[in-house]
Amino acid sequence: MATLPASVPVRRRRSAARWFADTGWRHLVGIAVVIFATFPLLYVLSASLNPTGTLVGSNVLFRSLDISNYIELFNRPQQPYAAWFANTLVIGLIAAAGTVFLGALAAYAFSRMRFTGRRVGLLSLLLVQMFPQLLGVVAIFLLLSGIGDIFPALGLGSQLGLIMVYLGGALGVNTYLMYGFFNTVPASIDEAAKLDGASHAQIFFGIILRLVAPILAVVGLLSFVGTTNEFVIASIVLSDPQTQTLAVGLYQFVSQETSKNWTLFSAGAVLAAIPVMALFLFLQRYIVSGLTAGSVK
Amino acid sequence: MTTSTPGTTPPLAPRPAATAKPRGVHHPGTPSVRSMLIKISLLAIVDSLAVFALFTLLLKESWVVFGIALAVTLAINYIYLKPGLLPAKYLAPGIFFLAIFQIFVVVYSGYIAFTNYGDGHNGSKEDAIESIIANARTRVPDSPTYRLTVLEQFGTFSFLVTTPEGEVFVGGEDRPLDEAPSARLDSTGKAIELDGYTTLDFGSLIQNQSVIADLSVPLTDDPNDGALRTPDGSSAYLYTSALEYDAEADAIVDTATGERFLDRGDGAFANEAGRELSPGWKIDVGFDNFARAFTEESIRGPLLGVIAWTFAFALLSVGMTFALGLFLAIVFNEARMRGRKFYRIVLILPYAFPSFLSGLVWLGLLNQDFGFVNQVVFGGAAIPWLTDPWLAKASVLIVNLWLGFPYMFLICTGALQSIPDELTEAARVDGARPWAIFRLIKFPLLLVSVAPLLISSFAFNFNNFNVIYMLTGGGPRNVSAGVDAGATDLLITLVYKVAFGSGTGRDYGLASAFAILIFIIVAVVSIIGFRRTRALEDLN
Amino acid sequence: MRVQSTPRALLSSVAVAAVGALALAGCSTGPETPQYSGTLTVWVDADRAAVLEDVAAQFQEERGVEVTLVQKDFGDIRDDFTTQVPTGEGPDIIVGAHDWLGKLVQNGVVAPLELGDKASEFQQVAINAMSYEGQNYGLPYSVENIALLRNTDLAPTAPTTFDELIAMGQASVDAGDSEYPFLVGLDPNAADPYHLYPLQASFGATVFEITPDGTYDPTKLALGVAGGEAFAQKLAEWGAMGVLNTNISGDIAKEEFNAGKSPFYLTGPWNVPAAAEAGINYSIDAIPSAGGETATPFVGVQGFYISSKSENALAANEFLVNYVGTEAVQTALYEVGGRAPALISAFEAAQGDADVAAFGAVGANGVPMPNVPAMDSVWADWGATEVAIINGQGDPVELWQAMVASIQSKIEG
C-alpha cells in the first residue's frame, strides 16, 4: 500500500521478472492451492450432475451434465429443501450475530478491565470447550426437555431453543480471537473518548466495535459456518422437517445403508455452500480492510 | 476490487481513530434518559420471564432448579442495577448461556462417569421391573382369542369376554371370570352390554388406555391358570407370567422354579449364580469406572503407542494447518495482487462443505486400486494410502490439513490486519529484509492473538474423532497382534472402542470416566501452553 | 486501565435485550405439539412417512386418535429412542430394523406386541426376526436379502457352485468381455461380513448356534467350527486370485457392474433399479454354494416397535396391527421402498414383480441376521479379520481362530 502515485509510470515498465517477484509467484501459489482445495470438491459437483447415485465410483468426472438432481431437491414434499435452506440461513445468521455480540462484550471486558478472576476466567473459557462432548447430546436433550416444560417455545423442536444452545458456545475460542484483537486497539483511544464525556457503552459501540470490524467479521463467518454444518445437536432438537436445517435434512438422503442417494445429497451440499460463500464475499471487505494509521499501540 | 489500486484508502476502512467520533453521544457527560429507559424495560422483560419460570417451578415443586433460577435472577438484577460491576455487566450475557448449555453438559458428563449408565442400564429401577415382567408374560400356547368389550362400573373397569364357542364371561382385576349369561349380544354373537355396567366406546377406551392396558383379569381362582389382558381393547388373550415381582422382598421370582433374582447392588436382578435379568437400571457406582479405566487390559497394552500418535497427530495437525493458513494469508495479503478475492473465496470452500461428505470423497480418492490419487496423480501405482500403517497416518494428516487450513487461513487473514503497516514500513526503510520483517515483527505480534487458538486447535485435534472415524476407523489394524488399536487410533477412538464395543455394549459410564481422564491430560498440556503464551502477551 | 463505572449502561441494556428478545420471541411462537392423551407419536424416516400419512389420516378419521408422524433420520432412530424413552419424552412407535431388537430389549425401551391371530398372516422368517427370547416385539413390514445378480449377456447360464462362478467369470475376463470375474462391495478396513455371509454359511459356519425354535443362542459362538476355518482358507485363496478385492467399495462395485464390466454381482434388491436403468440384462439367481451346503443369505426385516413407556398402548397396538398390518399399507410401503412385504398376502401380490419373486426365492431358506446385543462386538472383529485374510496378512486359519477367541472374550465381557 506504500507505493506512491509517482511510481506508477515506473511500474508499467517493470520487467516480467520484477512482476513475478512481486505478485506473480503469488498466483502460482494461488493456483496450486486452488487445485488442492477444490479437486476433491469437483467430485461432489460431478456427482451432483450425475443421476446414477454414486459418489466416487469412477474417476471420470462430469460424465453427464444433468441438473435433474437440483430440480428434484425442490420437488420432494417429505424433504422440503427450500425450507431447510431458509431455516439454515435464519438460524445461522441469528446465531452468528448473537455469537459476535456476546463474544465481543466479553472480549471487551477481558481486554479493557481489570478484575479478580480475569486470568482464570480467560483460561476457563478455553478449557470448558476442550471437554470431550461424548454425552453432549444426552445432556442437551435433557436440558431442552426441562426448559420446554417451563417455556414450551424454547424446548425440543424449537429453532429458538437450538439458537440458544449455539449461543452457549459464544464465549470460548471466539472470545479469545476478539480479545487478542481488542488488545491491539490502543487504550489511548478510549481515554480520549472518555475525556470527551463518552460513557463506556458509547465507547464500546461507537468506537471499539468499528475498529475491530475485521475480527467481528471473521468470528461471524466462523460461527455461521459452524452452525450450518452442525448436525448432531440440530438433529436432536429439530424433528419437524419444516423446521430442520440443511445439515440435518441432507443427511437423510444418505443415512440408510441400502438407499443412499449421494447424487441428490451432493446437489444439496453444493447449493448449501453458496450462502457461506456469499457471506464470505460480503464480509471480505471488512475482513481485509485492515486498521489504518493511528491504531498503533 | 476496491483495494486493488495502490495507495487508495479502502472506502470502508474505519477512519483513523484520532478522528473517530463515537456515535450516539447525545449529551456528553450526562446520563442518557433513553438508554436508562431501554435498560429498565429490558430488565423488566427479563424479570417477568424469570418470575413466570419461578412460578412454574414452584408449582412443579422442583426446588433445586427453583433455587438456582432465583439466584440467577437476583444476580442479574444486582449486576445491572448496581452502579459499577462493569466487568460483570459485560460478561453476564455470555456467561448466562455458557453456564446453561456448556457447563451443564460438562457437569452431566462428569456425573455419568460415576454411574453405570449404558446399554442394559438405561433407565430407572421401576422401569426395569416393569419391562422384565412385561417381557416375561407370554400367551398360553393354543389359547383362544376372546372377543372383548370393556365395561365400566363406579370407576372400575371390567372385561366382558366372548369365547369362540359363544360363552360369555365377565371379570376384573382380582375378580376371576364369572359367567354372564344375561349379557346382550350383537349380530355376530359378541357380548356388548351388561346390566349395571356402561360399555366403553373406542374414545373412552383411549382415554383410559393406560389403566386398561394394565388390567389383568384372572381366568380362575388359581393364578397358575393365567390371566386375560388386552393389547388393543377389542380382543383379550390368556397370558401366564414366567416371572413375578415380589415387592416386599424386592425380588423377581421365577414362577416355574421358584428361583429368586435379588437386587445385589449392581443395578440388576441377579440369581445366586450371578445370572442377571435384562434390563437392569442406572445406579451410582462411585469411582468404579475410574478404577476400570486404569485396569482395562485392552487399553493398557497399546496405550503408549496410541498416546504418542495422538500427540503427534494433534501437534502436526495444528502445525501444518497453521503454517499453510498463515502462509496463504500472507501471500494473499498483498494489495497489489489481482484476483485475491477469487483465491480467498475458493480457499474457504473446503470449509463450506459438510466435513463427512469431504471425508467420504477423500476415502474414494485415496482408494488403492481405483482412487484418483493413485490412478491419475501417480499413474496407476498401487500405493496403499489407507491400509499401510505409516501411509495411513500420513493420509489422515493430509486430509486433516485439507479440512483445517481454511480455518487457519481465515483467522490469520483477520489477525494480520491488526498489525499496523507503520511497523513494517519503518523496518523496511531501515533496510530489513522481508523475511526478517516477518520473523521479527509480524510473526510475534500475530502469535499474541492466535496462540490461544492454536492451543484450542490442539485440544480439538487431540479429540478429533470424526476425521479418523471417517477415513480409517482407526485402522489399519494388526488383527494377529490381538489388540484392538489400529495404526491411526487416537486416544478418543480407542476409548470409544473399549467403552462401546465389548461386553454388554455401550458403557457411557466408562466412556465418561475416560473422557474426564483425557480432559485432564488436554487441560494440563493446555495450561502449560497457556502459561508460555502469557510471556508473549502484551497486556496493554 | 481503570474504567469508571456508570449506571446508565446502554450496553448492558442491549445485552439484556438480547436475552429478553430471545425469550420474548420464544413466547410468541408456539410450535409445540400438545401431548394430550390420544395422540400417537410415530418416528419414521422420510420415505415411509409419505406412506404412513394416508393411513394416519384414516386412523384419525375412523378412530379419533391423532397420529403425529415425526420424521427422523433412520440411522438415528435406535439411539435416540433408547436415550429418550426413559425420560418419558420418547415416541409411542418407531420404525426400525430387526437387528436393533436385542439392544432395545436389553435397554427395556420396547414393549412386547401381541399380534394375536394375525401372526400367521406374516412370513415365518419375519416373525422369527421380530422375536427375542420367545417374545414378539414388532410388527414386521418388509423382508429383504441379497442374491446373485447376473449379467445375462456375459454369463448366459447360472453357475451352480461358486467355483463354477469363478471359472465362468474368469473365462469372461480372459475373453476380454469383462474386467472382473465377480463383484461384491467391500470396505478396505471392515470388508463386509454381511455380504460374504452366504459363502461362509455354505461351509456350515453360522455366527451363533441356532436353537431348535429357530432363534440364536448368543452364548454359543459358532464361528469357530471347522467350516469357518475352511471358509477362511477360501477367503485367502479368493483374495489372492483377485476374486475378492477390499478396495472395491460398494459404490465402485455398483458402477462397474452397471457399466457391464462383470458378469456377477452379489448385492441386494436396492441396487437392482440402477442396473436396470443402466440397460443391463440381468437375472437374479441363488447364491452358488462354495462349501457344499446351501449358501443362505442373512434376511433383514424391518418393522415397527412400540415404546415400553407409551401411554397409548392400546391405540398404538390397534394402529399397528389393524392398520399398518393390512395388505394395502404393506403394499404401499413395498412400492415406495422396494422391499418385499412381510405380510404373506401382500408378498404374494408383489410376486407379479419378477425381481421381488426372485429375491424372495433366494431368501426363502435364509435366516434372520442375529438380533442379539452381542452382535455389536462381533461385526468389528469379523470384518477386520476378513480384510486381513483377503489381503494375505497372515495364516488364514490362525487369523480366524484369533478372531473367534477375541469375539468370545468380548461376549463374555
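Chains: A, B and C, in written order; residue numbering restarts at 1 for each.
Keep this in mind: a residue touches a chain if its C-beta (ideal position, glycine included) is under 8 Å from a C-beta of that chain, and two chains touch if they have at least 3 such contacts.
The structure displayed is predicted, hence computed values, not measured ones.
Trainee: Hey, which pair has more contacts between C-betas, B-C or A-C?
Mentor: Ranking B-C and A-C by C-beta contacts puts B-C first.
Trainee: Specify the chain most distant from chain A by Cα centroid.
Mentor: Result for max centroid distance from chain A is chain C.
Trainee: Centre to centre, by mean C-alpha position, how many angstrom separate chain A and chain B?
Mentor: 21
Trainee: Rounded to the nearest whole Å, what is the centre-to-centre distance of chain B and chain C, using the mean of the C-alpha atoms as each centre?
Mentor: 25
Trainee: Hey, how far is the Cα centre of chain A from the one of chain C, in Å?
Mentor: 36
Trainee: At least two other chains touched by the same residue of chain B: list those residues.
Mentor: In chain B, 24, 32, 35, 49, 86, 90, 93, 363-364, 367, 370, 540 touch at least two other chains.
Trainee: So which bits of chain A are touching at least two other chains?
Mentor: Each of 55-57, 102, 105, 113, 138, 142, 151, 164, 187, 199-202, 205 in chain A touches at least two other chains.
Trainee: Check each residue of chain C and list the ones that touch at least two other chains.
Mentor: In chain C, 1, 3, 5-6, 8-12, 14-15, 18, 23, 27, 249, 251-252 touch at least two other chains.
Trainee: Under the stated contact criterion, what part of chain C meets chain B in this complex?
Mentor: For chain C paired with chain B, touching residues are 1, 3, 5-20, 23-24, 27, 37-38, 63-65, 82, 85-86, 103, 105-109, 111-114, 116-117, 133-135, 188-190, 245-249, 251-252, 308-309, 311-315, 317-318, 321-322, 373, 376-377, 380-381, 384-385, 387-388, 391, 393-394, 398-399, 402-403, 406, 410-413.
Trainee: What residues of chain A sit close enough to touch chain C in their complex?
Mentor: Going by the criterion above, the answer is residues 52-58, 76-79, 98, 101-102, 105, 112-114, 137-138, 141-142, 145, 148, 151-158, 160-161, 163-164, 187, 190-191, 194, 199-202, 204-205, 235-236, 239-241, 243, 248, 251-252, 255-256, 258-259, 262.
Trainee: Name, in rising order, each residue of chain C that touches chain A in their complex.
Mentor: Within the complex, chain C touches chain A at residues 1-6, 8-12, 14-15, 18, 22-23, 25-33, 45-47, 49-50, 70-76, 80, 83-84, 87, 89, 144, 249, 251-252, 254-256, 258, 268, 270, 274, 277-278, 337.
Trainee: In their shared complex, at which residues does chain A touch chain B?
Mentor: 1-5, 8, 22-23, 26-27, 29-30, 33-34, 36-41, 43-44, 55-57, 59, 102-103, 105-106, 108-109, 111, 113, 115, 118, 121, 123, 125-136, 138-140, 142-143, 146, 149-151, 164-165, 167-173, 175-177, 179-181, 183-187, 189, 192-193, 196-203, 205-207, 210-211, 213-215, 217-218, 221-222, 225, 229, 231, 247, 250, 265-266, 269, 272-273, 276-277, 280-281, 284-297
Trainee: State the interface residues of chain B toward chain C in the complex, per the touch definition above.
Mentor: 24, 31-32, 35-36, 38-40, 42-43, 45-46, 49, 76, 79-86, 89-90, 92-93, 96, 119-120, 122-124, 127-128, 130-132, 134-135, 137-139, 145, 202-203, 205-207, 209-210, 212-213, 230-235, 237, 278-279, 363-364, 367-370, 386-387, 472-473, 475-477, 479-480, 482, 484, 486, 497, 500-505, 540
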